[in-house]
Each structure stands twice: as structure tokens, then as C-alpha cells.
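Quick one: the structure is below, questions incoming.
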Amino acid sequence: MEKLHFASDYMEGAHPDVLKALCDTNPLSTPGYGGDAFCVEAADLIRDACRCQGAAVYFLTGGTQTNETVISALLKPWEGVIAADSGHISVHEAGAIEHGGHKVLTIPQADGKLSADAVKRYVERFSSDDNHEHMVFPGAVYISQPTEFGTLYSLSELEELSRVCRRSGIRLYCDGARLAFALGCPGCDVSLADMARLCDVFYIGGTKCGALLGEAVVIPDPSVLPHFFTLIKQHGALLAKGRILGVQFRALFENGLYEKIGRNAVLCADRLRNAFEHAGYKLMYSSPTNQLFVSLTDKEYEFLSERIEMSFWDREDGHVIVRLAAGWATDDRAVDAAADIILSSGNGDTP
Amino acid sequence: MEKLHFASDYMEGAHPDVLKALCDTNPLSTPGYGGDAFCVEAADLIRDACRCQGAAVYFLTGGTQTNETVISALLKPWEGVIAADSGHISVHEAGAIEHGGHKVLTIPQADGKLSADAVKRYVERFSSDDNHEHMVFPGAVYISQPTEFGTLYSLSELEELSRVCRRSGIRLYCDGARLAFALGCPGCDVSLADMARLCDVFYIGGTKCGALLGEAVVIPDPSVLPHFFTLIKQHGALLAKGRILGVQFRALFENGLYEKIGRNAVLCADRLRNAFEHAGYKLMYSSPTNQLFVSLTDKEYEFLSERIEMSFWDREDGHVIVRLAAGWATDDRAVDAAADIILSSGNGDTP
Amino acid sequence: MEKLHFASDYMEGAHPDVLKALCDTNPLSTPGYGGDAFCVEAADLIRDACRCQGAAVYFLTGGTQTNETVISALLKPWEGVIAADSGHISVHEAGAIEHGGHKVLTIPQADGKLSADAVKRYVERFSSDDNHEHMVFPGAVYISQPTEFGTLYSLSELEELSRVCRRSGIRLYCDGARLAFALGCPGCDVSLADMARLCDVFYIGGTKCGALLGEAVVIPDPSVLPHFFTLIKQHGALLAKGRILGVQFRALFENGLYEKIGRNAVLCADRLRNAFEHAGYKLMYSSPTNQLFVSLTDKEYEFLSERIEMSFWDREDGHVIVRLAAGWATDDRAVDAAADIILSSGNGDTP
Amino acid sequence: MEKLHFASDYMEGAHPDVLKALCDTNPLSTPGYGGDAFCVEAADLIRDACRCQGAAVYFLTGGTQTNETVISALLKPWEGVIAADSGHISVHEAGAIEHGGHKVLTIPQADGKLSADAVKRYVERFSSDDNHEHMVFPGAVYISQPTEFGTLYSLSELEELSRVCRRSGIRLYCDGARLAFALGCPGCDVSLADMARLCDVFYIGGTKCGALLGEAVVIPDPSVLPHFFTLIKQHGALLAKGRILGVQFRALFENGLYEKIGRNAVLCADRLRNAFEHAGYKLMYSSPTNQLFVSLTDKEYEFLSERIEMSFWDREDGHVIVRLAAGWATDDRAVDAAADIILSSGNGDTP
């Protein structure tokens, strides 16, 4: 029996519509470096979706690259970026932000999120410190929507965070590697237009959301990132054939595909969550999106991971925490099969 | 009339065989970050082509990214990289090498190349300088094959350069963004196996040579770049769906496609070179590959560039130097049409 | 009444013997950049004091500079440095380590110290993480002796830490900005020879211990920091008149002055500690060296800080924590006067 | 016979007045990090001398440190600094500027200087390049007064350079490591007030001009370098006992000492220049300041360098170029003795 693939949401190629667009446009000759009509049209569609006609839109190839290029462009030399201690830039980017010369200023997460209050306290404490001129200034806040734990900022949480940042003169940047899975989640009340209204920069993830690769950086007020094109080049993030990103994002935004593409994954994840709950397992974090996190005993882990591909996430209190992820390509039969296995392993007790 | 496209060699998508491979493999589920079977097979095929079974092979997405990631990994903190003053890293990468903390130590080019002698003199002068401990140590040499001027290192030139570098304990790194156009050039006597034998690191360009994007870094002795995977991540150069690079390079190397793909472009460029020569124009540099450089008066430039898409390259002695490039996708009829226009503009004198 | 100066241990110029040495040698002509006889002699004296004839010794000008120059020289590009979250490099160096491209990997402190166990757990957890190749590798451990809280590593603690580091292939670096106050403390069982035996690099602080400025970096096995001279230059840390550091360290080590110079400060601090305890105040941390930390109510803080210069350190549970420091120059009468004020403010209750 | 010391201008300690000030102030207790009265007074005196009451003044410890701290603070991430190819930052600072992430954009020197015209041409060529967004933007110009060759910018040259820079939105930064030797040179028509009027930042060298160490950075419009204090800290350039720089600069500027201190050195150098010319040697460059450069045959070099300490500077056309430097401490008898030796070696022909 082939394994059931729930290890991550980047296991397949591109959504068929996206692949078709790449094939259809393949023979055309276009100028390089994003100066082609596809990139222009994709940017227009994104501006429309974000209801932000003044935004600048750039296409990069991956999440870490986008994070380090944007953050180093946002920060002044004396500044660092505030992030949850579980933030992707804090842990899993091999020190890319620090390689660019900036400190990641971590605050303990709560359900994978940074609260406006925690940021406010951090900034106030910093400002009132007699020695703050010997310290790294908080210049930006990094969040992700959904977070690394699959959780979501509500609109009111995001509004509050944005308010705190603006009052303090701090930039708010949102990593949207899996943004489609927020937009496709019934419980999510934050739209793309809200993101554009509340963030100084954010990116719309393509790699995990239907594209072969690619992330679209949206800068509602372009003056926030002057000469960003040159910085993209300097960070090795500029594709000669920029059009392959434009073509893909045009396909993702042409008929509202991006805002729908996450729906299936969230529904599949819901079904897996239900199966785990029915079988008596403990779900970790309150993730309503395409990722779910389960606490397993070693024996349960052995049994389940032999049958269902999942990722080891952490070890806590003698249990293994695993992550399962559904994607736009996840198929119903795989979910059925996985649910059966989970339920059969019953009561948190392997047969 | 549509313009004839000779502005660059990265104007179209992927070679049909490469695109087909992407489509065929699209629905498959694979692990991320290059840990998939396609990347493994592509690396094997490249090791075979390079006759270097011990080599490490990594796939990155673009030239500037590859240059800055490799060079910063090769150099110690007190070292810089020697390059021709016309080298891509010296001029057109927005300071990516310096952003990584290292100086580019330039030597005047001759026909776009660095001679072994010039490198030897540089190193000797450096070593004998009383103050050399206050200076940047030469730690690596950067060359490109073909060069930015379309010219080629001969095997004996490359051997001599390699010898000088090894005697001095300096790494030799070759940028092969357009390597297929060297391999496809009848006058080129340097094989992939020679590259692997003579360079410490080199990359096999995909973006300009049949892929949508992608460059394959070859490290004949992997101990030269320890922990390179983590550095790729740190430099934002690691794709979650690494397999899209593996799939493409597998297609490029499966039936020797890569070593043939440049042939057409070189033949097309030869025909354009002939046309320019017959028409009495002056060709610049001694490029035998897919790029050609022509010196034009302003009037000639105006006439020709209205009809044939070309790139402005430089301005010298009151003339415009333009670059034309043919690619794997260039079609015979476009070359015929361009040759007619060139010949009709005759005698270096526009009609 | 003039205030009593206990705000820090760097308020006066140089120890009279050091100043005399600067005056005596002032007219002599010497070569630059540390190539003078004074630097050579000072290094010899330090090697003797450390019982480590093979050590390399370099003189830099300040603590942050020394930390960032040494740490960036110790680390490979994929590595970061482990430090207590209270470590000077973690908090009060304006991001100097990150500016050099490296992450500070923080571990919660206990009494200002890193335990061998905590380091071991960190390294084990890192090594066993499936994703550790996406993370910053721990390449060095940073400690300070005495710590930022005035506390001391015992010999057995340091030995254990050194053992853990060596087993893991991690460098151990010790910041000795106030090392004289450890050496001058009756309860300290770690000698300079122990430091040289157990650390890969450490520095002997001059600025706070009798010099106008200057820190002596000791590298027991010089191969640990190749081309360190050039890196000193690159980090802007090389003095043209390097001899002014050599002259001062020669004076500090000529007659064992350095190992005695901290004694007075520790005795003065002991007397202040006694006064605070008698008066019913709460001392924070278990510092036996020249710094003491006291928890005060706002009212107590106002009363005392009007009469005695002290530093605001932190605010915790509604109390102010202040730091007082004695130095080699602190005079008995000032201690008497301060003790009287403290005692008179009695019972933790201002009059 | 002891050798005559003309190898450099940083061979002795501090000017007696400066040393006396250090001794007199040594026992006083002052706050750290430059917050003391001496630094405040020194800054005021410097503002007066520069006739620029709005200037910010900071004290750092050495030339390379000052250059890299100021330049990295002046530049935006996409910018580099233009310098003569003979500029100190281009050659002899071990890549400090590049370590900070920025490219040094070199222009061929003429007599050690950058002409306004050459800068203008560079900027125009850059701006008109179709690909300039792929290149490093010129963000600042680095010059030195006197230059590395001892030559001087005239007031009109400096005004022209300043004009070109301001028109192009480029900052002008002047390295004044040896500024006293310009001010002390009869032929110099550029005053401190002119520097403050024409440069965006410059530094007044102390190390080579009477201090033990120290350079005073003058920023006529402080908004040019925001948060510079924190950047000084981050670059490891902040002294805990900042007052030792303030004390020295106060002494140097109290009675106009700085503007007189270079006079003697220039007169001594003049006498050596005369001796060389009378003896038939060829002087290189048109240096009127405290440094002189002479072209010698190997035999002449052997003869003279055995008797007079000088520095090897370069090798050109089979000749050795040597540098001799006089300082504020150079004594007449040493000049007499050196002149005798030079004259006796007569006619460019050693006896």
C-alpha cells in the first residue's frame, strides 16, 4: 500500500490551471526581470483583490528569501524585528535575518501568535530603558497568517496589532506563505483588503498555494521600500525569466482561484481533526486551517506514521507532537483512508 | 510587423522536453527541499556527464543567487574574490557579493577573460606587499564560461588558470550561466568533465539553457563547501518544491539534451555574425558563442533596433555597442529576416 | 555635598602605575600596529600569567569590539553563538553580533550563568531535530566571568562547561571585561591558567580594571583564529599606536598588579553589601565581586540615589533594582559615607 | 648609531599638552560613554573651530573604524561609496567597507585625488545605463585630506566636488586622519570651516596628530546620520571611558594646538624634500605636507634604508618608491642628520 501523503502542503506540483497557463504561454517571447505583460497583469489583479490600487507588487521565489529581503529592506541598521519565538524567521530560516545584519527580537508566542499587548509592553519597556541606545531598536513586527501552528489572527487582533505598530512607528509585516488556507477557512474574518489596509508589507504565498513556486510581495505604500527592485537583485531573488511568476499569479488571481484554492484543504483537515478527536487523541493549538497538530505516544506515533506520512513536529512531556497538512491537491479518498486508520487506532490506543 | 527577438537568451519559457517533464510529474507527491527522487536522479546524471562520481550537486534558482551563495561559502572572512572588471559579479549583481561581506578584487579583462598570468601577478604582488595583512586576501577566482562577452576559455587557458590557483591555495569558481552555449560551440574544447577536473566549484546554467529557471552547482570535492545545504537555506535559495529543479535538470541531462541544446543558438549567432560582417559592420570581442556584439553609429542603431530587438551594451568612442543573442528557441525564419535587414542596411551605412 | 560615585567601575582614568608607564614611554619611537616591544613584552607576561606559552595574545580597545571580532572569527557562516539571555552580547551591544551576520542563541540564565547541563540539552535537542539543517548551528558558547550579575563560575562549573563544549565540537569563549574582580575575589577558585586551559578564547579586561582602555585577547591554541590580525583590522579594531595598549598591559602584568587590582573593589563592595543587609534591604543575585544589586522601593530609590550615584538596573514586581559598583579607585571614605547613608535609611525604610 | 625615524607619523605617544591633560584629569570620576564634561567641552571647541554650531561631534578611536562606521551609516543598502583606487578604504582596510555590506566603487586617482569631473562622469554614466537598477548606486564619495599621497585638495577643488555631490544627491565624506598636516601646510587654503561647509561628514584625525588615539567625527547637519550613537556601539567603537578621547581633543583644540601642531612636520618634510631634490632624486606625487615619496634604485634603497627608517611604498618600473613621514614630534637634529645622509648619497648615486 502506498502511504497517504499528509506530511506537508508542498508535495505536489502546480494547480492544473496554473500549469496550463505556464504551458500556454511557454513559447512567447517576453522581456526579462519581471518587465513582461504577465507580471504587470498579475500585479493588477492582486491590487484589485487587495482593493489597493496604489500598492507595489513584486514576485519572489520562496518564503525565506522573501522574509529576509523584505525585512532587511524594512529595517534601519540600528533596528531589529520583533517576532514570536515560534516564528519561522526565529527558528527555521538558518539565521537568514541575522545573516542580513539584523536581530530577531523574540517574544513568547501564545497559540503561535503575537498579541498587540505583548508588542506594546515590549516597546514600552524598550523605550523606558535608560540603556536603550545600547540596544537593538524594534523597527518591525513579523507575524504570519496563518501562523506556524495553523492558527489565525482575527480581524480585531490584526487591527489592534496594526494600531500598536503605527503608534510606535514600527512596520508591520505579515508572512502569508499559507495565506490561501486562511482565506479558505470559514472562521477567518481577515480579507486581502484588510491585510493591505493593516500591514505595511505582506506576501501572498504561491509555493504552498497552487504554484510551482513564487510569492507575491504587496507593499500598499510603495515608499516604504525604496529601490526594492535593486534589493531583490542584490539578494539573489530576481529571476531572469520573471514571467514564470507573473504567469502563475495571473492564473491564481484571474478567476478568484486563490481565494478558493484553500477551501478543500481546510475541509480535509477538518475531517482529519474530527477523526483524531473521535479516536480520543489530543489536538494541539487551536488551528482551524489546513494544518493539524496531534500529541501521540511513541507507540501511537509508530503505528500511525507507518501508514500515514506526517511530520515530526516536537517532543513535549514524553509525547511526540506531529503535524499533518492537507493541500489544494489532497484527495477525498486519501482523507477517507487516513480517517479510517485514525479511528481504527481508537481511544488513543493502538490496536 | 512584429519585432525580431534577439535581445537576450531568456525570453521564452522552457524547452518542450523540460516542460513536458514538469507536466508529467506534476501530480506526484514528493518530499520537499530537494529530497525527492528527481533531484537525486538529476544529480546522478550530472555526475555522469561530468565524469565525477564524488561530486555534490545542488540546485538553485538563478545566477546572482548562485554566485553570492557559492562565493560567500567559499571565502573565509579575510578573503575576497578575484574577477575580471567585466565580470557579472563585478558590475551587474547590485553588490550581492559585497552585501555578503566580501570584496570583489578586479583585474582588467582581456576579451572578457582573466589570464592565468594576470592572476599569478596579482597574487605575487599581494603576497610580497609588506602591508598585505592590512589587505583583502585573494581567496577565490571567479570566471565565466562563456564570458559576459561571449568568449571562451580554451582548455589550455583553463588548465593554466587552475594550476595557478591550486599552487596559490586559491579556489577556482566558474559561472556557467550560459554553459550550454559553450558546449554547443564547435570551437570549444572544454568539456563538462574538464570543468569538474579543473574547477573547485562551477554551475551549469539552466535558466538561459532550456529550463524555466534553475542552476546546478557542481562541487567535485564536496568538502570544499561544508554545510552548503544550510547556507543555501540561509541565503533564501532553497525551494520548498525543490523537485521542480530536479525534474528540469533530469530532462536536460537524460538524453544529452544539455550538451546539444546550445548548438542551434550558436549556429544562428554565426549567421548573424556573417551578415554583420558582410554588411561591413565591426564585430566586437571574439565571441564564437550565442552572443554577438556589434559597434554601430547612432543612425545605424536607430535603424536596426527599430526592426530587431537587441540590447544596448555600452557606448564607446562615439559608437553604440549592441548585443544580440540567439537562444535554443530561436527560429530560422527570424534569423533569415534579421540577416536580410542587416545586409540591406549594408556597408555599415543605413539606406 | 558631592555625590558618592558607585554608578560604575569605569569612572576614573588609569591606575597610577599604568598612567606612569604611559608617561615614561611617551617620547619613544616605536613601530605601529602592535609590532612594538611593549606589546611583545606584555604578551609574554600574559602568557606567563596564564601558564600557556603557546598562546597568541592580541590587544583590542573595548568589550563590544572584542566580543564581535572574536565571535565572528570563531563562527562559521552557518553557526551562531549560545549565550545566557542576560549576556552582554544578547542585550547591550546594539546587535553587534547580528550585524556581523550571526545569531545569538539564548538560553535562560540562572544567577547570570549558563550551566553545562543547559548547554548540553540545547545541543542535544538541536542535533536530534529533523529540521536542524534549516536551523542555526551552535558553534560557540559565550560566557562572562564575572557575569553581568557579578556572579562567578566555579572551577568545577567551568570545567564541566568546557567538557560539554569540547565533546560537542563547540568553542568556549569567555568575556573577561571585569576579570580582575573575579581574580581579586576570595571565593574565586578559577585562575588565569584555568581560563587558558578551559577556554578556546578569552579576554582579560583592561578598561574596567586599571587601564585607560584595552582588552587582551588570549588564544591558547592560535590555530583557532587564523588570520586574526587581518580580522582585527577589518573590524576597525587595530590601533595605529598599538603600543599604548601594550604599555598598559605590561604595567598591569609586570608585578602581578592585575591579579591584585580587583581586591580593593571587592572588599569595598562587601562592606556595602553588609550595610544593605544590616539595613534590611534585599540583595539580588549572589554576587561576591565588585558589583552589588539591591531591590528598592521607589521611595528608597529616590532617597538613596540622591545621595549615592548608582545605576538603574531593572524594574521587577514593583521594585527598582539598582546596581552599585566599586572599582580599583574606590576610596575607603566614600564607602564609609555610603554605608552610613545606607544604614541610616534603615530597615528598608527611609527616614 | 640609532636609526632616524621617518617611517611614519604615528611612532610616538601623545603631544606633551595632551598627555598632561590625561594626567591632570585622571583621578576624576565621570560618567561613561562620552557623557562627560570633557567630551562636551571638546565638541564645543571643535564646533567653534569649524564655525558650525549645529554640528554633531562624536569621538571614535581609529581611522578604519571611523571610515567603516560612518560610511555604513551614510549608505542605504543599495548604495556603494565612490573612492579613488588609491583610497585607504579601497586598499588598506582589509575589506572593512565590504564587511559592512557595501561596495567601494573605484575611480582612477590623479595625484591621489578624485576630481569633480571624474565623479560627475561616473554618476552620469551610471544614471544613463539601462541596467543601472542591477548595479550598485553611488551613494557617497570618500576623499581624504591630505590624501594617501600627501597631496591636498584646494578650496576650489573641494567646492567643485561638493557641488557635484550635492547636485547628485550624493554624500561627501572626508577622511582627515592627517588633517593637521593639511592645516599646518602653508599652501593649504581649506580651513576647518570650509570642511564643515562643504562635507556632509568628515573626521579630524587625532591618532597621527598629537593624540594617543582618537578621531573626531564632525557632522555639520546631524540629521544625516540618525541614531549614530547606537551605530557607534554596534560597530564596537564606543569606549566605556569615552572621556579619554574628550580630554585629548579638548587639549588639542583649547588653544588652537591642532591647527599649529602640523606646522613643524611640514617644515621638516620640506627640508627632506629639498635634500632629496638637491641630491638628484626623483620625488613622486606633488605632496606639500608631512609625507614625501621618493623613487630609488634598489641600491639607493638599501643604502638609505639602512640609515633612515622609511616605509616601502610600492615598486614601479624597476624602482622602489619609499615614503618618509615627519610628525609633530620630529626633531630638527634628526632632520639634519637625515639630510646629510641624503645629500652625501648624492646625485641619485650611492657612494
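Assorted remarks:
Every chain is named by a letter (A, B, C and D) in the order it is written, and numbering of its residues begins at 1.
Assume contacts are C-beta pairs under 8 Å (C-beta built on N, C-alpha and C of every residue); 3 or more make two chains touch, one makes a residue touch a chain.
Values in this document were obtained by computation on a predicted structure and should not be read as measured data.
Steps from chain B to chain D, taking the shortest chain of touch contacts, total 1.
With respect to chain C, maximal separation of chain centres occurs for B (centres as means of Cα atoms).
The greater number of contacting C-beta pairs, out of the two interfaces B-C and A-C, is seen for A-C.
Each chain gets one centre point, the mean of its Cα atoms, and the points for chain B and chain C are 51 Å apart. Note on chain placement: the centre of chain A and the centre of chain B lie 34 Å apart, centres being C-alpha means.
A separation of 42 Å divides the Cα centre of chain A from that of chain C. Each of residues 77-78, 93-95, 99, 101, 133-135, 230-231, 233-234 in chain C touches at least two other chains. Considering their complex, residues 77-78, 80, 91-95, 98-104, 130-131, 133-136, 311-312 of chain C touch chain A. Against chain D, in their complex, chain C makes its touches with residues 5, 7-8, 10-14, 16, 19, 22-23, 25-32, 61-69, 93-96, 99, 207-208, 212-213, 230-231, 233-241, 243-244, 329.
Chain contact summary for the complex, chain C toward chain B: residues 72-73, 76-78, 101, 133-135, 137, 226-227, 229-231, 233-234.
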